[in-house]
Amino acid sequence: MIPIQYYLLFAGFLFSVGLVGVLIRRNAIVVFMCIEIMLNSVNLTFVTFSAYLGDATGQIVVFFVMTVAAAEAAVGLAIIISLFRNKQTLNINEINLLKW
Amino acid sequence: MALEQIIFWSLILVAGFSAIMVVVSRSPITSALYLILNLFCLGGFYLTLNAQFIAIVHIIVYAGAIMVLFLFVIMLLNLGDESKLRERIDWKTYISISISVAFFVELYYILMIQTPIPVTKLHVNSAEVGTVEYLGKVLYTQFIFPFELTSILLIAAIIGAIILAKKKFTI
Amino acid sequence: MVSMYQFIGLIPLFPLIGFLINGLLGSKIKSEKIIGSISVLAVSLSFLVSTFIFFEMINLPTEERLKIVTLFSWINVGSINVDISYQIDQLSILMTLIITGVGSLIHIYATGYMHGDSGYWRFFAYLNLFIFTMLNLVLADNFLLMFLGWEGVGLCSYLLIGFWYDRDFENSTTSVAAKKAFIVNRIGDFGFLIAMFLIVQEFGSLQFLSVFSQASVIPSGDKILTAITLLLFLGATGKSAQIPLFVWLPDAMAGPTPVSALIHAATMVTAGVYLLARSSTMFILAPITMDVVAVIGICTAVFAGTIALVQNDIKKILAYSTLSQLGFMFLACGVGAFSVGVFHLMTHAFFKALLFLGAGAIIHSLHHEQNIQKMGGLKKYLPKTAATFFIAAFAISGIPPLSGFFSKDEILWKAFSSGSIWLWLFGIIGACLTAFYIFRLVTLVFNGEERFDEDLHPKEVPSAMTIPLIILAVLSAIGGLIGIPHFLGGSNKFEEFLEPIFKRANYQLPIAHDEIFMEYLLMSISVALAVGGILFARHLYLKDNSIAEKISKKYNYGYKLLFNKYFVDEFYDKVVVNPIKNFSDSVLWKKLDVKIIDEFINASGRITEYLSSLFVKIQTGVTDTYVLIFVMGVVLILLRMII
Amino acid sequence: MIPTLQDYLNIAPILVVSSVALLEVVIKILFKNSKKWFSYISISGLLVAIYFAVYNFGAISLSFNDMLFSGGFASFFEILFCIIGILTILQSESVNKIDEFNTAEYQILILFSIVGMMIMGSGADLITIFLGLELMSICFYILAGFARKHVAANEASLKYFLLGAFATGFLLYGIALIYGTTGTTNILAIARQYPMIFSIPLHVIGFILLLIGFAFKVALVPFHMWVPDVYEGSMTNVTGLMASGGKASAFAAFLLTFSIPLGVKNMELIQIISWLAVATMFVGNIFGLAQRNIKRMLGYSSIAHAGYLLVGLVSSNSLGNQGILFYLVIYSVTTICAFGVVSFVEDEYGKNLNIEDYSGLSVSNPFLAAVMSLCMFSLIGIPPLAGFVGKYYLFASAVQSNLIWIVVIGILTSIISLYYYLRIIVFMYFKEPKTENKIILSTESKISLIFSSVLILLLGIYPSLLLSVVEKFFKL
């Protein structure tokens, strides 16, 4: 028997790891991957609740989140490509034309 | 029951390790590969939670499609060269890490101490709920509108991806 | 018989139409005549309507004079209904008469003054808009509509002060002056707004009648009421340029002179006094506020009067003079004599408009020379202007039987009878200062030798400008006669007329005893001091060498005496005049006014801007920072939830 | 369970707009040289959608198994977003200057983003709201980077995307926790469990995370950092759409999830929202002072206005909700109008965006200057313009809830904002024109500007027009 808290806490841990990644990494693609970790940790939370509540909604949400993640990935990577074409870098520290 | 425990803890170990490795790996390709490992572990978690359909879809969509896209872009932009992306560790890094730790501690406090959730067992229906049949029924009846909505979302994303990433500015 | 009352909507409507025609089509209409006549016609038609209403009103029995005409419903917020509706009563019709009457004279004058200006149509559009908003201010039957007018005049003054944007004004540009006027006004409006919200909360309504009838049963000294009145007074100090929010008014001189006349005499600055008079029911129940009002009023009166002593810009002198006179009005309100305050407001509107228009005529004829040290001897070139100007100067100095005498004397008497000898004493000093600085101005401008450039050939201004001057001069001369106090054998029709408005307020006041002897005594003192001030100024500034030479030639033996006399002058200069002047010049004006108060307002803006440019560095452009701040926010919020 | 015809009729506006967008995709593929037609097709589609929304206006009902509201406030938002869309398209002639070939895609994406907004404004389920939000956001990410020849646009797009996806994570986490504690994602079902659920800390945390997700979209401090950068880098018309529609829809979702079913009754939540409101008002107005770029400045102005709007939520009474709806309309119209003027002054991407470039606009183009100053005065809140009535409404609601202190802060900060709003007017009216560049306005853009200006004036002088509509949604 695994208490629900373990799952939730592990999801929270994954979320925090993703957070750290977003905060400390400079490569735009890696930052995006860390965001994917965060989304997946949320998915885990949803599935956990769904399973423990015996309710399908949570899994349906996960289904939608995956779709959204796919759409975001397509758009996000397209944005990264078009930026890279113009600027030849993906280091978000160097992408600071717009400021103040 | 011991088997369940063993699977759970080993999944946690691998998933946690791979997640951390995504963050700390120098090369984006390594990060991406670790992320794939992490996603497989999550699929494992879904299986332990009796969400078979989601587990399969997860592996197919995430590891199969999204991560391949990532790898593809990394290769396309030829980002394998690590020297291009030297990342320093400075005071901001420490602040970031401590903030994230604080966030996790808060989550821990809320989940473990403030909220005693009595549920320790999977719901009796959970095995049935996770099947393709059941989810399909719900998806095409109750959630038909959001389901249709996702098609529009994907079309918008496709159009956007094409116009942003196509090579020539005018055809 | 058709009541004129129902046509009240026409009064603000005409200027609005004038504004719309000139504002939308003005650039297409090439003829100055058409633009000018539309504008003048709009205001004079309003004046006509208000005159009709006024005459209908005085034929009605007192209790039927008040009427509210609702045009349409404006805002319905829950239980609070705010309508666009106008309240016609003695006070509002009086203000309307002043605004439209003096306003149309200024409009007529401006058609001559602005002749040939490239922004002719713009100017008249703004002027009409100004009148429109001001009329809304005084005719409103609720605080919110009044606030509309209140903001509107601020906005129009902003547009008008910055009208000549291509000209420099005192080391900066007119636009800076305009901006300052607007911002300082907004600080005052802040008080008004908060007061308004407090009123809503306390009384559940914004309508004057409902609010005041509810307020009148509140015991005196109530905390909320004190807060409301203090905040309203903050609003009034902004509009009526009292300490500490007066800084915009001297700068408002950057606009064309008719604007100065309009702002200073008839409209904008009187708004604060009007607000106090309108809310007298509430003010009288807040003794602390009343004291504050009186003290601020008298301080401004003396302070501004002193600064006016040393100014050389003709319009600046008049600007500080306005501050000072407004101070007197607030003094009157502060001691509970609201009707006297309004009386002074009216007489002041006449003679200050006259002074400003006269100054405009002088400036016009000297091709925009404003320094009085570069004038002199203008009497023979501008006879009509000079004559009217003298009348105005006597009126403002309080020489009987001109209008200023009655109102100012009444204020001083009320201040005295309110029990504070200090208020009276400072009031007397202020009155004396007034006489002095205004005659310093008059003497330096019209008498003495000609100090302006020789190639300037001043000549009398066109009749479009002199006719308003003459009408105003007549009004300044006889305007006070409607308010002759009882002890002088008059019937004080003015006070009687306004009595119903201040009934509730007067009810709260201790009944003043008629001490006829005392009144005569004080009156004589103030008149004597005024005359003294005038003579002293004439004496000091009329050191006409030609006269002196003539005298010395004629009376050789008297040379020594004359010398001695001059010696006495020197003595006066050294011991009495110079210290005051120096104090005023170096301390009051250059330090307190320019450095401290003015700087404070400017600095607060600059500091905020500096801080802004400092803080904004946090916007590094790097996504990391943004995420970091995002997560910090999350962590803090979650922390709040846990604890 | 199976959708009926009535269901489809209920969501007719959404259906119309999305099918018009899909139609445009087909047209684009079939006829290569038809770019002139797209804007007319889009506008007519939006007009038909408005017609259906008005048709549905009468009664509030639920459709698609409680996934969507229709009628009532849902129709209200649908109409608002359609109007925003029409105004944006009318002003978007400059898009042709950016990338001639992508006119069709531009129209399609705008329509899709409006579909997203409409869904956010009518969602009755957290899932639909989330999907609507994502649809809108994805369109915005793309539109922000639409001028892809320019690095600034790429950068804006990337920043918006990364931060937006990051915020989505929090939003989803919030939904997950709410789902976990209530077992449902349906707003009405959640509301039915009130007030018991608020005793579970996890549930409150869920709401907080949801709040943070929305706070990002409406740009509340400290989740606002993307706004100035993204606003500066994106195409001006797109910025206008983001600042008006994006914010309005996020506020709609805010209202739907926080206020309409539940009434924000949880004191801790209210306190947090009030902090956010105060911080937002301060930061928006103070940071705005230092800006020289007009789009950044308007960005900070939009942040500050989010703060004012939040005041209505803090006061948590029906007056506040009405005030938010009313102010959203005014704010959106004013903002889109102001950005419209900016887009006309900006002759090609990224030029003429400094405040100095507005010198003497009153001489070179009096019409634009007049419209711009109308917008500025409305944003300042000068009566009788609509902005004043809206602000008055919001502050009155706070007073009703005994929150005078927040009103004081609101008014104080709005005095600070005066400095930067006036700066533009000073430049336009009190400065000599620098260069003689003639701005030629097309009929469409004139229509859009005149329509907005008339609305700003009309709603200020006769606000009952809108107030009477808004009042119906909330019983006192």
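For the reader, a short list of remarks on this structure follows.
Letters A, B, C and D mark the chains in the order given here, with residues in each chain numbered from 1 onward.
Throughout what follows, contacts are C-beta pairs under 8 Å (C-beta built on N, C-alpha and C of every residue); 3 or more make two chains touch, one makes a residue touch a chain.
Note that the structure is predicted; figures quoted are calculated from it, not measured.
Farthest chain from subunit D, judged by C-alpha centroids: C. Chain centroids computed from C-alpha atoms place D closest to the centre of all protein C-alpha atoms shown. Each chain gets a centre from the mean of its Cα atoms; for subunit B and subunit D, those two points are 31 Å apart.
Annotation: 26 Å between the Cα-based centres of subunit A and subunit D.
Put simply, the C-alpha centre of subunit C and that of subunit D have 43 angstrom between them. We define each chain's centre as the mean of its Cα atoms; on that basis subunit A and subunit C are separated by 64 Å.
Multi-chain contact residues of subunit C (touching two or more other chains) are listed as 616, 619, 621, 623-624, 627-628, 631-632, 634, 638, 641. Counting only residues that touch two or more partner chains, subunit D has 127, 131, 134, 138, 141-142, 145, 148-149, 157-159, 162, 166, 201, 205, 228-229, 290. For subunit A, residues that reach two or more other chains under the stated contact definition are 8, 15, 18-19, 22-24, 26, 31-32, 48, 53, 55, 57, 60, 64, 68, 71-72, 75, 78-80, 82, 92, 95-100. Viewed as a contact network, the protein chains are fully connected, with every chain touching every other. Residues of subunit C touching subunit B in their complex: 624, 628, 631-632, 634-635, 638-639, 641-642.
Put simply, subunit A touches subunit C in their complex at residues 19, 22-24, 26, 31, 92-93, 95-100. Considering their complex, residues 8, 15, 18, 22, 28, 31-32, 35, 38-39, 41-42, 45-46, 48-49, 53, 55, 57-58, 60-61, 64-65, 68, 71-72, 75-76, 78-80, 82-83, 86-87, 92, 95-100 of subunit A touch subunit D. By the touch criterion given at the top, residues 92, 95-96, 99-100, 102-103, 106-107, 109-110, 114 of subunit B touch subunit C in their complex.
Residues of subunit B touching subunit D in their complex: 110-111, 114-115, 117, 141-146, 149-150, 152-153, 155-157, 159-160, 163-164, 169-171.
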